[in-house]
Amino acid sequence: MTLQHYLVISAILFTLGIFAVLTRRNAISILMGIELILNSCNLNFAAFSRFVTPSDDINGQIIAIFGIVLAAAEAAVFLAIILAIYREFGSIRPDEVDTLKG
Amino acid sequence: MEFTLKTFIFYGFALMTVASALLVVTVRNIVHAAFSLMVTLFGVAGLYVFLQADFLAATQVIVYVGGILVLILFGVMMTSGHFEMPRQIKSRIERGQLLLGGVVALALFMLLLTVIANTPAWKNLIDDGTELPPTTEKIGEFILAGEFLLPFEVVSVLLLVALIGAALISRKEVRD
Amino acid sequence: MIVSLISLILLCPLAAFAVFGLLGLANRRFPRQDYLSTAAMLIALACSFLLLREVVPKPEAHTLNWISLGDVTFSMGFYLDSVTVIMLIVVTLVSSLVHIFSIGYMHGDPRYPRFFAYLSLFSFSMLFLVVSDNLLGIYIGWELVGLCSYLLIGFWFEKDSAANACKKAFLTTRVGDVGMFIGMMMLFAKFKTLSLYDGETDGIFTLAANLNTGDMVWLSIAGILIFCGAIGKSAQMPLHTWLPDAMEGPTPVSALIHAATMVAAGVYLTARMFPILTETSSLVIAYVGGITALVAATIAIVRFDIKRVLAYSTISQLGYMMLAIGVGSYVAGLFHLTTHAFFKALLFLGSGSVIHAFHAMHAHGHDDEHAHEHNEDAETEHVLGSEIPSDQDMRNMGGLRHKMPITFITMLIATLSISGVPFIFSGFWSKDKILAGVLGRAMEWNSAHHYILFVIALLAAGITAFYMFRLIFMTFFGEPRNQEMHDMAHESPLSMTVPLIVLAILSFPVVNTLWFNKDYVKPPPQPHLHAPTHAQVAPDTKTGGTGFALSIFGVSEAVAAEEDAGHGTQDAHADDGHHGHGPAHTIAMILSICVAGLGIFLSWLFYQRRTLSAESVATTFRPVYNLFWHKYYFDEFYDGVLVALTVWKARLFAQFDGSVVDGIVNGVGVVTRDILAAFVGFFDNRVVDGLVNRVAQVTWVVGGRIRRIQTGAIQTYLFVVLAGIVLLILIFRAL
Amino acid sequence: MLLSLMIFIPLLGMIAVLLLPRESEELIKRVTLIFTLIPLALAVVLFISYDRSTAGTQYVVNVPWIDAFNIQYHIGIDGLSVTLLLLTALLGPICVIASWRNIEKGIKAYMALFLLLETGMLGFFAALDLFLFYVFFELTLLPMYFLIGIWGGPRREYAAIKFFLYTLFGSVLMLVAMIAVYLNSNIVNGVAEGLRTFDIPTLIALASTEGHALANLDFQIWVFLGFFIGFAVKVPIFPFHTWLPDAHVEAPTAISVILAGILLKMGTYGLVRVNMAMFPLGLDHFTNGIGFWGNSLALLGFINIVYGSFCALAQTDFKKLVAYSSIGHMGFVILGLAARNDTGITGAILQMFNHGVISAMLFLLVGVLYDRAHHREINGFGGLGTRMPVYTGITTLAFMASLGLPGLSGFVGEALSLLGAYSEFKWLTILSTIGIVVGAAYFLWTLQRVFLGNLNPKYEDLPEINGREILTLVPLAILTILLGVWPNLAIDMFRESVTNLVNVLQAI
Amino acid sequence: MQPLSNIDSLLHFSPEILLVIFAAAVIILDLIVKDDESVAVAYLSLVGLGCVCAAVLIIHFSFRNPVSLFEGMIRLDEFSTFFKILLLFATAATILFSLRSEELDERLKGEYYALLLAITLGMFLMASATNLLMIFIALETVSLTSYILAGFLTHSPRSSEAAFKYITYGAVASGTMLFGLSLLFGMAGTGDLTQIGGQLTEHLASGAVAPLAVLIAITFVLAGVGYKIASVPFHMWSPDVYEGAPIPITAFLSVASKSAGFALFIRFFYTGFGATGLMEAVDWPLMLAIVSALTMTVGNLAALPQQNVKRLLAYSSIAHGGYLLMGGVLLTSEGIEAILFYLIVYLFMNLGAFYVVVLVANEMGSETIEGYRGLGSRAPLIAIAMVIFLASLTGIPPFAGFFGKWLLFTAVLEQGYYWLAFVGLLNSVVSLYYYARIFKAMYFEDADEETDRVAFSTGTFALLSVFVIPTIFIGFLNIFYTFSNVSVSVLPMQ
């Protein structure tokens, strides 16, 4: 249970999140990918807070808490926009939402 | 580091997190993906516990699993009748997308691994297992009276904005 | 006094022109421009005669600063010596007479006033050229007379042939002028002045006299380049082709500009530059002059257009004068210039009178409806300039001596003069002087090569006599060949005959006495033919007396060394120009009388007695005849090069066809126009512009490409972002 | 004050014109004319009161402007600028008169832009602060672009944008050079001292101060190049010239006049004012006659002369021909400047002025013909000499002046440039004289095709040039003759300045 | 400098507090007034902005600057004051635009103004934040609000699409940035921006931290900041979003959001990464230089073939981001000063251009270049104003844009980045080409249909002149140079 364990897990989560964002064919799946990314960040902060900063310094943890809150807000808005897209386009496939281009 | 129950559980959580995250990214059924995500979030919460971040772990479970995931499921329900993503990957474009996405993600992963492995400051920091006092009180102090007061207030405004915005956008237009 | 007189001489014609110009701006005309111009000219003439008295023994320059810069000043001014005065008189006299003649000749022309205005402008320019004391001033006058020549040749510009001819004249002479300008630049770069004579600062002549041997090559080149101007303006080979074409202008113009004054300006210029001529440049001048004299004379034999015969004759005579200057016979050259001015003007005016006589039958003689008869062989018809207007074709004439007695007699006098009929005609004296000079020089050189010059001169003299009498015989003797036209012919009005008579009088030596006054006209020194180093270079040649080959660029100083030995005293020079030997003079005179007689006799046999048939001779010597007939193929050469290149080019740049095919004019200007200009135009459009446009195009295409990345699919964008991050990291990790 | 007044009165005029109702066209024209006549009157005052005996700048105004960069509103005139100011002020009213009838739409906007353009031009010639100089330089761009683009011929859009892009390209390079000069203007022996400056007289002095960063050879060479390209586009010097024929052909008559008469001079003026005066070492590198670079400027002049002339020869569009002839004539300016001696520079400056006058005449004349026949195809005319004698006469005068006939002004500049250049660049100058012959060739050929020969029956009723048109031409014609006969009239204005410049150039 | 405690900070924080109060007041007022009187809400928000502005100025002049607030979370100095004023102006202008924009008509409710006020708050914080967490929160506040505003026209598919793309893009970018921040936190052990640089330098020197790690962290952070200022390769959202969003919002995003992004950028890189030792390990200025060159080139080239004026201006705005970035490459106060000055200029000219787009969209109902045909004769004043804005954007004297570019290029050349200056200058030549297409449409081409003149109200012209006059005169006036100069001088330099 070294710092590197946590960092590797976080890196895997981040990478998978990126992969999801790049390849999933559903807007909600993309949102899930984003959540993975944010989780990896939070995990990083928490891990650094535990290992790097002095033990009474829990700033990293607090940042992670804020991260969770921000993720929630973002998810709410994201889903609202997905709904609007669904309403207008009848689909939430990201590649079908492409009237603006060039 | 000796192989104790604790480490066993840690690896269990780690594996659970990574494996379920992999499922999130790969399964076709979006509901399945959502449930896999739940497992991942739980896994991360578990890891927080290992990091002695009890309040954080609780927040993770409450906000993420209880809030965001439910929200996502609602989203799934409201936007599509069928939860399956297209079964076959037909077009070359899609295959190309998978390939390119994979390459980029892999490249990033390799870079991050290199960094993690090659940063001396992060090496050999072993969790000595010392028990820390519960963080909740401290966090409350920091947030309400310490340096995190301002972020806290701003985030509250942010949440308000998000609420208003989400309502505004998802609300069906009434046109005269 | 001198300055004001000269100013008056210059201002009178200028004022006459200015009146026309100012009124013209308001689209008005002064109805009596003819009288105004003529009066102005007469005043100038009177002033010129007054100047004759004013000339002080020592020539003087009167200058004022024209352009003053920080370190250089270009002055403008007058230089007055005996030659200037004589030239002034010649110009004003001939000009006045031509003015008077034109009153009759040009009567009824729609642009009658304009003609006189142009004549005035010309007179001004010519006079300005004559009196200028510096190269810049001469050049200014030089170009202005060129302009007037252009305007007057193209006076009847409705005729395409006239329009072509005037352009050709201007461009061809401009080629020579550029040479002259380069020469001026060389002199200026060296001496920092363009003044010829000493004024406030030393003039070119003084400065050039101080040059040492090392600068001879340079000075020779400069001299030859200046001479290039004369080649163009005096229609010397190879730039002579414009002068015959220039006969498209009204005949008085031909008389004034293309016989008496402007073309002679080249000779005048060369004479003016006499002091800086080196051995080499003198030789070049002599040979160019000699060859021109002979070639033009031979061409004249076979012309049928009365004016063209005279044109070639003019070229030939100008060559003669050049030859004289080249061999150092300064006085002889200028003397011939004067005599030639009178008798050639007379000949032209006489021919004008004849043409005028035929002209009357055409109500609007100058318009294009004016029928051109094509009498030439079919095979020669394409040759430019070979279409002869019927009223100028000698084959339509004949027997006119009864119809036009005054014209006949005056023209006969002039012909006798030009042919060199001895003693009572001025032409004899001047021509004889030249021949003597040439022979004298050749004897000094004592080289077989240079005797050729004398032979050439002699031949030319004989041929001149031949073709001139051919002209007289064909025009005034025999039976009328075209009865209809003959019946229309009549003697010209008084305004035309009076000038003829005056000029006829001037063709007698009596009135040219000044030239016989050795004190009055003295050749300027030629320091570089007598360079002080001569003696040191070849001291032993003094006694050797053997000939010396011509070497390039003025290093055959030995010649001059011998000259020193030959004429140690100034008296020897004074005799006849520079080089006249007593014996040379005698030989030359005898030979000249002989060839003149022979020429006249042959002409009589061919064209009067008809014991010999010109046609049969022509057939026998077909190649030679063709050569003469085709004017040594000069025009064909210029044309041919052009056409060949045109064909080559047409394949290359098809799009320029339109501009190429039409308006083919012979001459260097056209070659460059068609080939180079087309190419350059092409280059400009396709390469220079194309390059820029290509850059713009590429930019645009790249813009389009970048646009294509913007597919509208959000995952593409995300891919770009993340790939960008990876790339940025990788690149900077490598750095 | 006089100078400032002169510069900004057209700007006032622009505001006045903008305030007038667009319907009252006559009034707009008159107001414009008045606001261009005032600078002309002031220019005459300048001409009379200008002290010809000194090389120093006169009528100087120097007030701080942008303190942060030590930029000043510094204007003043010396011999060179006063000459070109006079030309600008003269062409202003002429162009307004020339536009009187043949601008059909949007006369208000046209006149307003024209006045703005005039301010730009006048200011440019008077500016003594590099920054101000640049601002005025660029100020002419936009009005010109619109004047060509809105009131031009069929391909006006292309021509306008081409003009704009080319010039902007040149001026951004100039901007780099200008910034470089500014940044180095306070560095002595590698140490920064005092304030940076844009002040042209100061910079000129610094550029020849031992040890100053501006006096460094390499620096001067690069900066010289930057400015040079900027001005070269404007002049235009081969290969930056291709905008010119297009712009000229498409622009309305009056604008062509300004373009050829003034705008091209801005390039050469800049060369003298900045490149030559400020970077004598750089100039030396390009004009010392050693090797390729030492001949490069003269070579460009030569190319311009010959290339422009041959291109002109190939044209069948009357206006394009005149445009290319401008390129050729500007080549003489370059050649004269490259000579770096009194004669050459004087010749070049005279040529600038004279070309301004003569090309203005030529374009006005082309405009006269175009207004009547509605085309400019040279081969489409013929024999107009009988129908329009006065027009033919004036055209002949202009042609003759342009082809360098002595007695008319074109000759003096050309001859002096060549005479000056010959001392430095023998072969290039000799080769350049080809331009004289070709120049004569294309003008005479044009004269023949348009005016001589048989009258083209299509144009039997072509009206003769009218009084208004003659009014625009006569002052120019008079100048042409006057300066041809008495060039000292102009040379007196700038003799001292040229001497001064030559002394600086020869001091290095 | 000791940071002020939370309580002591409140007074200094009054502008932000006022913003929140007015945002709430706007929502409440909206509930009270009737639908057809909703203009009152707009005026209330304008009044609010005025109060905030007054507060900013009062605080600026009455308290000692600079000062750290809230235990070092944000910093109040001339730099932030500069941006606050700038942003207030932009927001006010946007509100005025919105009032005149027809596409927003029926949606103009209290929420809209509240959101604008909230986003302004976020931007204020972006300009003053000095802590990693605060930076991220401020960024998220602005981003989230922007997403909502971009998707504000729910009846318009384009608007929704814009919002969707914006949020997807923004979420990934900010996620990446957060990851980068976490790495920074892990390496430096602190979230305080003023200490990060020193810590990193120390660790780099001792070998405790690999340069690659710093490089990755900086690049990840750049992703977040770069997306805000739309620099290549993080720019791709902006054309689509600009085109899809309501025009006033587009104007707002292109000016205010970008300005705030630059404030953050400068703070982050100048204060955080400006340490010499750090730059020796990671040559991020070079990276920025390349990004800057790419940004302007891509922006300009892609703008060339555009037909939609909004989209064209979007690309132009990307290109301008590139120009601005040039100033950031240098790490000199001249460079930053140039950025600030250019931002002032850019604010006026770009907002002005967008205002014309609003007016044209209202009157002609078209956003394409064809819609501008004949504008020169139909609405001469509008067209002239457009010419001035576009000429200024191109950088042609005597308009302010030239002076801005002048400052930027001077700064770049001073540091010896010749190639960058060269690229920048060539780009401004290229940019002329597409701006000129609008000139061409306005003046050289005639409208297809009727060519009646279009009348605009006096208010329109008044508002227009608010943009035109500064665009002409800013460069001539000393005060703006001083303003930007002073604002830079207080930035702590590592």
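Just so it is clear, A, B, C, D and E label the chains in written order, and each chain counts residues from 1 on its own.
In this section, contacts are C-beta pairs under 8 Å (C-beta built on N, C-alpha and C of every residue); 3 or more make two chains touch, one makes a residue touch a chain.
It should be emphasised that the depicted structure is a prediction, and the values quoted were computed from it without experimental measurement.
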Moving step by step through touching chains, the smallest count that connects chain C to chain E is 1
Using the contact definition given at the top, which chains are in touch with both chain B and chain D? C, E
Taking each chain's centre as the mean of its C-alpha atoms, which one lies nearest the mean of all protein C-alpha atoms here? D
State the chain with the largest centre-to-centre distance from chain C, centres being mean CA positions. B
Farthest chain from chain D, going by the mean of C-alpha atoms per chain? B
More Cb-Cb contact pairs, comparing B-E against A-C, go to B-E
Rounded to a whole Å, what is the gap between the Cα centroids of chain A and chain E? 26
Rounded Å distance between chain B and chain C, as computed from the means of their C-alpha atoms: 102
Rounded Å distance between chain D and chain E, as computed from the means of their C-alpha atoms: 43
Taking each chain's centre as the mean position of its Cα atoms, how many Å separate chain A from chain D? 65
Touching two or more other chains - residue numbers and ranges from chain B: 97, 100-101, 104-105, 108, 111-112, 121-122, 148, 151, 155, 158, 162, 165-166, 168-169
Note the residues in chain E that touch 2 or more other chains, in rising order. 133, 137, 140, 144, 147-148, 151, 154, 160, 163-165, 168, 172, 176, 183, 186, 212, 216, 239-240, 305-306, 433
Multi-partner residues in chain D (2 or more other chains touched) are 165
Per the touch rule above, enumerate the chain pairs that touch, sorted by label. A-B, A-C, A-E, B-C, B-E, C-D, C-E, D-E
Chain E residues within the chain A interface of the complex: 132-133, 136-137, 140, 144, 147-148, 151, 154, 156-158, 160-165, 167-168, 171-172, 175-176, 178-179, 181-183, 185-186, 189-191, 239-240, 243-244, 305-306, 311
Over in the complex, which chain C residues touch chain E? Could you list them? 696, 699-700, 702-704, 706-707, 709-710, 712, 714, 716-718, 720-725, 728-729, 732-733, 735
Residue set of chain B touching chain E in the complex reads 111-112, 114-115, 118-122, 145-151, 154-155, 157-158, 160-162, 164-166, 168-169, 171, 173, 175-176
Which residues, counting only chain E, touch chain D once they are in their complex? 376-377, 380, 387, 391, 394, 396-398, 402, 406, 409-410, 413-414, 418, 421-422, 425-426, 428-429, 432-433, 436, 439-440, 443-444, 475-476, 478, 481-482, 485
For chain C, which residues are in contact with chain A within the complex? 707, 710-715, 718-719, 722
